[in-house]
Each structure stands twice: as structure tokens, then as C-alpha cells.
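Several structures are given next for inspection.
In the two complexes that follow, chain A is the common piece, with chain B as its partner first and chain C second.
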Partner chain A sequence: MPKLQRRDYYDTARDMNWAFSYVNEDEVFPEELSKSFGIKGDEWWGWDEPYKLTYREYVHNQAGKDDGIYSIRSTIARSNLYDNLDVGWKSAIKAHYGAIPVPEYFASIGEARMARFGRAAAWRNMATFGTLDECRHGQAQIYFPYCLLGKDPQFDWAHKAMHTNEWGVIAARSLFDDMFTANDAVSTAIQLTFTFETGFTNLQFLGMASDALHVGDIEFGALISSIQTDEARHSQQGEPTLRIMIQNGKKAEAQKLVDQMFWRSWKLFALLTGISMDYYTPLESRTMSFKEFMQDWICRQFMDQFKDLGMDLPWYWEKHFLPELDWVHHAYHLGVWFWRPTVWWNPDAGVSAAERDWLEQKYPGWNARFGKLWDVIADNVRAGRIGKTYPATLPIVCNCCHIPICSPSVGQAPRITSHNGRKLSFCCEVCEWVWKSQPERYDTHLSVVDRFLAGQIQPPNLEGALQYMGITPEVAGNDAEGYAWNRMASLAAE
Partner chain B sequence: MNATAAAIKLVGPVIRGVDEDIIEAVITAGETDNPDLEIVVEDRGGYVRVQADKNFRLTQKSMQAALGRPFRLAEIEPSLVSFAGRLHSMDDEWVWTIHS
Partner chain C sequence: MALFPLQANFRGDFVVLLIPVDDGDDMTAVAEKVAQHSIGLRVVDTGAPKRVYYNGKELPPRMTVKESGIPPMDWIEVAYVG
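Right, the complex of A and B next:
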């Protein structure tokens, strides 16, 4: 064991910064890969990570973390734990496994970019750990569902999803490409590590871990909470980067980066986590509602820290964000259930009488707004008109978040606009602002509806769309409970 | 929520729910290291918040005493799923704060 205290060597080992004499700074840190925001060279050298770690400690900790989760996996492999899980919960973990594991590798690319193009040695050091962290997350979250493949072919999508053009995947990939696969190092630190990881990942990885333990899914709970211990560390690359931008008069630029990505992240997490928590998690296992998790983790914990750094609430906070907490994921859920053959899990309606009472209590007005729409579906199911509960057409999709634009009766009308003669549809004012704030990043990207209209999807009907999305019959989603949530369900199912 | 409650800003570690021994140790050590503050424990199953108003200190010395074994603060990482407030980590002491 070394006799030196860590503090005696830490800074020396870490601070490998030097001024360039043979090359220009721009050649070492090209703007495309490491946008400087006009902040020069050694201004970045004061970058100091709040969460300090040596490589020796890193390796020791990570080996222990992996020992922990893989031994739980091998113990559980011999049990029938999975078979006894609630069907809705199974859908929640399938949605997670399709949306998250492969993007962990995308995040590793973003971390690797910071490990090379981050503008201070201390930062590159932390990003090296982050690069390895994200590989671990990709590997574990592909291996665990792989072990469940024999029980259910839908787990195939843990690996397959991101390689398809399924609509939810297009939405997720568009967000992740924007935030880390195709982002410069400085913006990645503000958007991925600060906004997304300090803020949003806690919802899915800790909120769902909490519910997992109540459901009895020890394996999933242990896995995702172990992953989050890496996130808690490497997310700390955001704060020092933000601090240097503020010190150098770039607060407005940093605020814009956060405002853009906070909104985009909100949309995707409302879709993934919102539905999983408030509809797929069995009622008796729900620890808090999605809105309560948002209030605790985002509105309180994340915003306390953000404001403490001298930053402001995003401009759309009161007018758009807080109101959406009450309705947007309920509308998404209705849409996902309706278009259920287009997803790789079996959507759980989650609207039995007891669940409706819970929803009304957590979201006053839910019955009047959404319950009445479920009444129509329930009537059709009871009357055996299952065909009427299926879509005949594709929805309109937002050109920014790529999520279907929800019906005006529950949300708002699509905002139809144009850019250089190209017709664009947005779900809301904020998505339109995000897109128009940097059209050069988005203009060549086609939404699934744009592709349909351009003739890329053949035949131009639902069947052709399913084929385009890579959805095969054994994977296409159906109601998780075979309509048992509805009274007289057995009649309807026949 | 009254005026005082609104001004309270809880900061401190969030510990992985399956790691019982660390949860207990952080609560005990937190009480020793923050004698003037009320330690607020919030158990959510999958994770447990151990926090105090605007400032939370955790020392290596108190963690070793609570665990009854050698412990370096960096070893808390496998149990530290998140935290509230801004962290300052040193060899023998970690502090979480919110200033405003």
C-alpha cells in the first residue's frame, strides 16, 4: 500500500496541462469537437472536480460493483423470480432495456470525446473514468436482458432497438445524438453530465429502482442502482465546466445549453419513466407518482443546485414545464397503448377502477381529461370491438422531440410552421424554440412522418410502417393483461 | 408548507437501498459530524436520503467508528447513488452544501 496520503500526490498526478508551442490551440482543440465559447487556454485549467478519485480507487470500486451485480444475476438465474413478476412491470423493464443499454455506448463516445477534447487535464481524467463507466452500463444492461431472452423474445430489443427505425427509437436516438454522440466536449459537459445526469437519469435509475424493490425485482433494482453510483460521480463534470463558463461571462450561453437539453430530456423521460411509473408499475408497489418524483428530484434537488450556481430557471418553467407535469405523460400513455403494435413491449392500460382512483388522487382532473377517453376504449373492448381500439393511420410527430403530437382535446394543437420552405410540425412552443435556436443541427433530419410522406415507407400503410420499424409479429406489443383490466374482459378477448 | 419549511434546503448523500451497513453508518456518522443539525432520513426502499439543512459533513473518522473497521471515504462510492447539494470531497472529509 502507498504510504503517501492521496492529497500529497493527487494534484501532481492529475494536472498535466501545458501551453502549446509547436501547434495552435485550435489544432489541438478544434471548435467542432471542443467548442471554446471564446474562453482561452489556461482559463480552463482551474477546472476542479468536486468528486475526486484516483485510478487505483476507480478500479477497486468498479470491480466490487460488478462482483455485486453479477453475483445477484447468477443467484437469481436459478430462481423463478422473473416468471412471478407483474406483467405491467415486465413491460416497464422491456421499455427500459430497449431505450437505454445501447445508448450507454453512445454516452461512452461522448465521454471519450471529453477525455480527449476536454479543455483541462483534470476534466479529461474524470472523462476517462466516464468512458469506462458507460461501457460497463452497456455491457451489463445488454447481458441481463440477454439472460431473459429464453423467457420472452421481446428482450431481443435490448440489443436490436437502437438499430431500427421504430418511432420511439427515432425519438431517443435523436435526443442522444444531439446531446452526446454528435456534440462538442464543452456542450456535452453542460448538457449530458450536468442537465441529463445530475438531473434526469435519477428518475429512471433511482425512481424505478425504488419501485423495483417493492415489486420484488431485486435483479433490476440492484443493477440500475449500481449503475447510478457511476453516474453520481461522472455527472460531476458538469458543475466545474459550468462554473468556468460563468466566471468567463458565458452564463447566457450556458443557460441556453441547459434550457435546450432540459426540455428535450423532459419529453423523453415523460414518455419512458412517466408511463412506467404511473401505469406499468403495479399499484401496490408504486412508491411515489411520476409527478412527485419529478418534484423531488428535478424541481427541488436539481434546481436547488442549479440556482446555487447562479443560474436561472428555464424561460418556459412556469408557462410550459409545470403545466405539462400534470398531463403530458398521460397523453403519451394513451397514444402508446393505442399504437401498441408499434412498440416492443406490451403496454399495460393500467386503468382498473382502483388505478383510476389513484390517478385521480395524484392528478386531480384525470378522470375528466383522460378517464373519459379510456371509457370509450373500455366500451369497445367490452362490446368485442377490439378492431376499433387499434389505429388506422399514423400520428403527426413533432420535428423536435419526435414523439406523436397529442390530441388537442388533452393537450394542444400542433404548431405548423416552416423553415426555408420545409414544412415543420411541433408539439409545443418550446420544441419549436429548441429547433429554431439551432436549425443547422436539425434541418436534415426527417421525422418518421416526413419519411412516410417522402415515400420511404412502403407499402404506405400500418403494415408497411411496422416493417419499416423492424417490428416482427412475435415482438409487436399487445395489451399486457389481455384486456383483463376491463370487466367482462374474457368475453371481449374472444 | 410554512415559511421556515420553504427555506430549508436539504443536502447530503443518497445511499443505495440494498446497502444496509452503509446506510446505518452514514446516519450514525452524520449525527456525529453535524452535531448542530437535525439529520433527516428518508427511506424510499431503493434509496435512502440522509440529509441536513444546507450543510452536511461526513468524516472518515466517524465512518470508521460507525462501521468498526478501516474505511476510506472513496469507498462510499459503490453505495452513493446520488446526492443533493454541491459536493466538496477531500481525503478525510466530504461536505455537501447549498449557499443561497
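Right, the complex of A and C next:
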């Protein structure tokens, strides 16, 4: 029997859209879960995407991808590949594993919401694949570190992190809840799949996969590349959704969704990827600086695509975003290293003499702003005053990004404001704008400092804070190299 | 005498810190309480005297926190003189 070509049946079979008569549209697509931005039902029916997969093909492809990565895993399990990896790189993957795998499941919830409340059948079909994709990402990225548990207890945090109140986890969870666990379908398409996946993770995973191969971590490289092939597909839900909003006169609303989430994503990206690229990745394996990566991949490639769709650069681009590329992750890195017992990986200082030269070359002025502070730390390490390299109080964290408030230059004040009598602190004008653009969404959420002041952290000291954050002694971070970076520096000086 | 939280940083350091002081502390004591988390840890100890700055103005060393009218959790900066 002759079979129909796929193009002859696919759209008809997929696009099961119809006008409701027994129920009204709002009952099928409640605004809270779906959000129409006032765009009428059949305006969404032109939603389309380029992949046009069938379910049978999807299952076949995905099974092949899983076969690939799990067989690499079992082959490598019999080698000593992991033991020979650079210590800084190990820290980079531990940070990744704590921050990402469980949120992949959160993303699955967001995808499932689009699979039910997306306003076109084609979209719901694509989101069904996305739901399954994100489950696969969660499973694989928990299983791989699970296999490394025998070598290092810090890998336990691949599963544990998101169930704790560790400060970086609060920052990550607040972002992910905002973006997909607790978001409506249309905003999820714009914020998760367009802004975050197309803009950040899709490109980041490509970068990380190539770095992994460069440092010899074939296992992580294979895992990340495999995940990226799914991201490349399901991130395509953003653009058609954006197009429909623009065609229906909702450009301003779409722009606001992007502006909010681009900023929030940027802050977490600077914290995780910024530090990993410029400090944890071994010097000889660095192909570009974090700033160059951002300029090339995010600023140029993503924003070109964004502008081609008729959208504008976020309002804060020149004044806030571009300047932060020069300094913010350097400050975050110094903070993470200094507060190292509060993270589940071993921060690699990454400031040996050669690395400092590289930093100064990539970021002129680094020595004057940050190197100077590292000099004092290095003196203390050399003199054996390790106690002076540890913190005795908490940093103030931003009520929006939940990352410590750092400053690009001396004498810059945090932005302190209030909302209905509640005092709020923000790291910058953009975080304040994001928060104030929807206070009802953020107002009940307490930062780790708010919790401390409310007496939720007991005893009110570093020990109590570590306990509150779920950090146990075998996991608490320490200098990745056992301060070897500094011995080398002092030998070189002599 | 009551515990009084402030946001503070030592000029030149990179991060804003939570600093508990006492509302009876004078600005000399406040400056020390801020400095101990930065000086000799990340900021070079020059031995120079330190002052407290609030809203761009230097506060007198003998003024207490209570007298200054600074609300809890407002931001102050501490810096070396000169």
C-alpha cells in the first residue's frame, strides 16, 4: 500500500485546532496558566515550527541519543579519566551539576504547562516533546554525577542542592521558578525557550561541550552535546510565539518579557559560567574569555536574531549590561572563593602569576580593581594566616537576583528602596526595575539576609548559616588546589 | 544599647556586608566593626585613621549610631582619611 509522504499529512494530523462551543475559551485556557495578552483564539493557529517531528521519530531519535551517552558513560567508568581531570574543571562540573539537573525537571513542568495550555496544537505537540526532553536531561545529569559519588561526595549535590537553602541555590531556584516552574504558557515560551534557551543555554552548552573535549572530559562533553541537540529543537517554541505577539500588536509586552528575563538569566549566567570560564577552566584550555564569549555569542548572534524579528535591545543594554561584562563575574568569583565553605564545590582561585597576566590582558584594569584584593589574600596564605582568608559575616544579597551586592568601583552604593513598608536592597537599577515591574510576584520571597534578620537562621553565625544551607563538612568547599597557585607565585617571586 | 544591623563596605572592597553594630556605638567603633571584615583580609592595612560616610557626608567620630539617625539596614561606607 502506498504510504503518504509526511508533508502530505503532517500539518493536518498535527493541527487539531477548533473553536469551542460547549465551553468558553477562558475555561479551556485560563489566563493564569495560559495568558493570551488579549490575542484571540484562532490568531494562534498559524503557530508553526521547522522540525515537524512525529512521535515515532522522536522516540527513535531519543533512544539513540540515550544509547550513545550511556554507553560512553559505562566505557569511561572503567577508566581513570575522571581522576586525571584538572581540579578547576572538576569544580566547574560540580557547580553545573548542582545548579542544573533538578531544574531540568522544573523545566519539564514548564514544558508540560505549554503542552496543555499553549494556544495552538502545533505548539502543544512541540511542548510534549519538550516535556520528555527535560525529563531526559534531569535523569542523565543526575545519573552521571551519581556514578562519580564514590570518587567525591560533593557530587551528591547534583541531587541535593535544589532541596536546600544554600544561597546560590536560592538565587537559581528563584530564577527558575520565575521563568518556568510558576509561569504561564505564553510567557514561558518567550522567557524560557526564547530568551534563556536560545539566548543563553543553547550557546553555553555548545561552548561547554567544546571546553569539555579540550580538557579531556569526554563523558561530560558527550552528555552536554546530546542535551544541546534537544535544546536546539525545543527552544524553537519561542520564535513563533514571539512572531504572533508582534503580529498582533503586542511587541511592547513581548519586549518586557524578554528584558526581564534576559537580565535575570544574565546574573546567574555570570555567576556560574563566568567563573567557570575565566577561573576554573585550565588556562591552556581557554579558547576565549567569558567576555569574548558573551560578545560573540550572546551580543552578536543572539541579538542579531532578536533584532531581525523587529525587537529592540533591552533598555539597559548600553548603560548596565555591557559595562557588567567587564567586572561582575570577577567580583562574584572573589566572593565565591572567600565564602568557599558555603558552596558545594572547591573554588579554584585561578590567580597564579600566569593566570593573572591573562586576566589583565583580557580585562585591562583587572589588577587595579581585583588583583589588589587578591594580593592581600595571597599574603595571608603565604604567611599561614588562613583564618584571615575566611569570612565572619554575610554579604548583603540583592532582593531580585539573590546574589551578593558587589560594586564595579569604589564608593558605589547599593540601591535601597521600600515597597509597602518593606525595605529592599538591589544590586543595580535593572534588578530594581525587574522586581518593581511585578511586585506581587516577588514580594513574599525573602532573601537569605531577610531570613537571617527575621531569626530564621540559628545560631546567627557562620555555623548556623552553613547548617541552614544544608552544607555538611565533607561537602563544604575549600581551595581547589590546596593553595598551590600561591606557592607557585611565591616561588616565582623568589 | 541594642543590636543594630547596617549594610556597609570598606571603600575599595568589592562587596557590601551585613554589619551588626550597637546603637550606642560611636562612629569610631562603627568604623572598626566594618574594617575588621575587610582590612588585612582583602584591603591593605595602611594604618591610617578611618571615617564613616553616610549619604555622601562624613560623620563625626564621637557621634553615636542613635544620634546619627541612620535607620537600620541603611548603607554606610567606611574609608581611610585622605
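Rule of thumb we're sticking to: the second predicted complex is superposed on the first by the 477 of 494 C-alpha atoms of A that agree within 3 Å, B and C clash if a C-alpha of one lies under 4 Å from a C-alpha of the other, contacts with A are read in each partner's own complex, and residues count from 1 in each chain.
The definition used in the following text is that a residue touches a chain if its C-beta (ideal position, glycine included) is under 8 Å from a C-beta of that chain, and two chains touch if they have at least 3 such contacts.
Quick caveat: nothing in here was measured; it's all calculated off a predicted structure.
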Requested in this report: For A:414, decide between first (touching chain B), second (touching chain C), both and neither.
Outcome: second
Query raised in the report: Thinking of the overlay built on chain A, is A:396 touched by chain B (first), by chain C (second), by both, or by neither?
Result: second
Query raised in the report: Which partner does A:422 reach: the first (chain B), the second (chain C), both, or neither?
Result: neither
Requested in this report: Check whether A:40 is in contact with chain B, with chain C, with both or with neither, and answer first, second, both or neither.
Outcome: neither
**Report entry** Contacts of A:406 with chain B and chain C, given as first, second, both or neither
**Finding:** second
Query raised in the report: Which holds for A:377: it touches chain B only (first), chain C only (second), both, or neither?
Result: second
Query raised in the report: Which holds for A:226: it touches chain B only (first), chain C only (second), both, or neither?
Result: first
Query - List of chain A residues in touch with chain B within their complex - result: 5-7, 50-54, 57, 61, 64-65, 68, 202, 205-214, 218, 221-222, 225-226, 228-229, 231-233, 236, 239, 287-288, 301, 304-305, 307-309
Query raised in the report: What does chain B use to touch chain A in their complex?
Result: 9, 11, 14, 16-18, 44-47, 72, 74-75, 77-91, 98-100
Query raised in the report: Any idea which chain C residues touch chain A in the complex?
Result: 5, 7, 9, 11-20, 36-37, 40-44, 73-75, 77, 79
Query raised in the report: Taking the complex as given, what residues does chain A use to touch chain C?
Result: 331, 334-335, 338, 369-370, 372-373, 375-377, 380, 388-389, 391-396, 404-407, 410-411, 413-414, 416, 423, 425, 449, 452-453
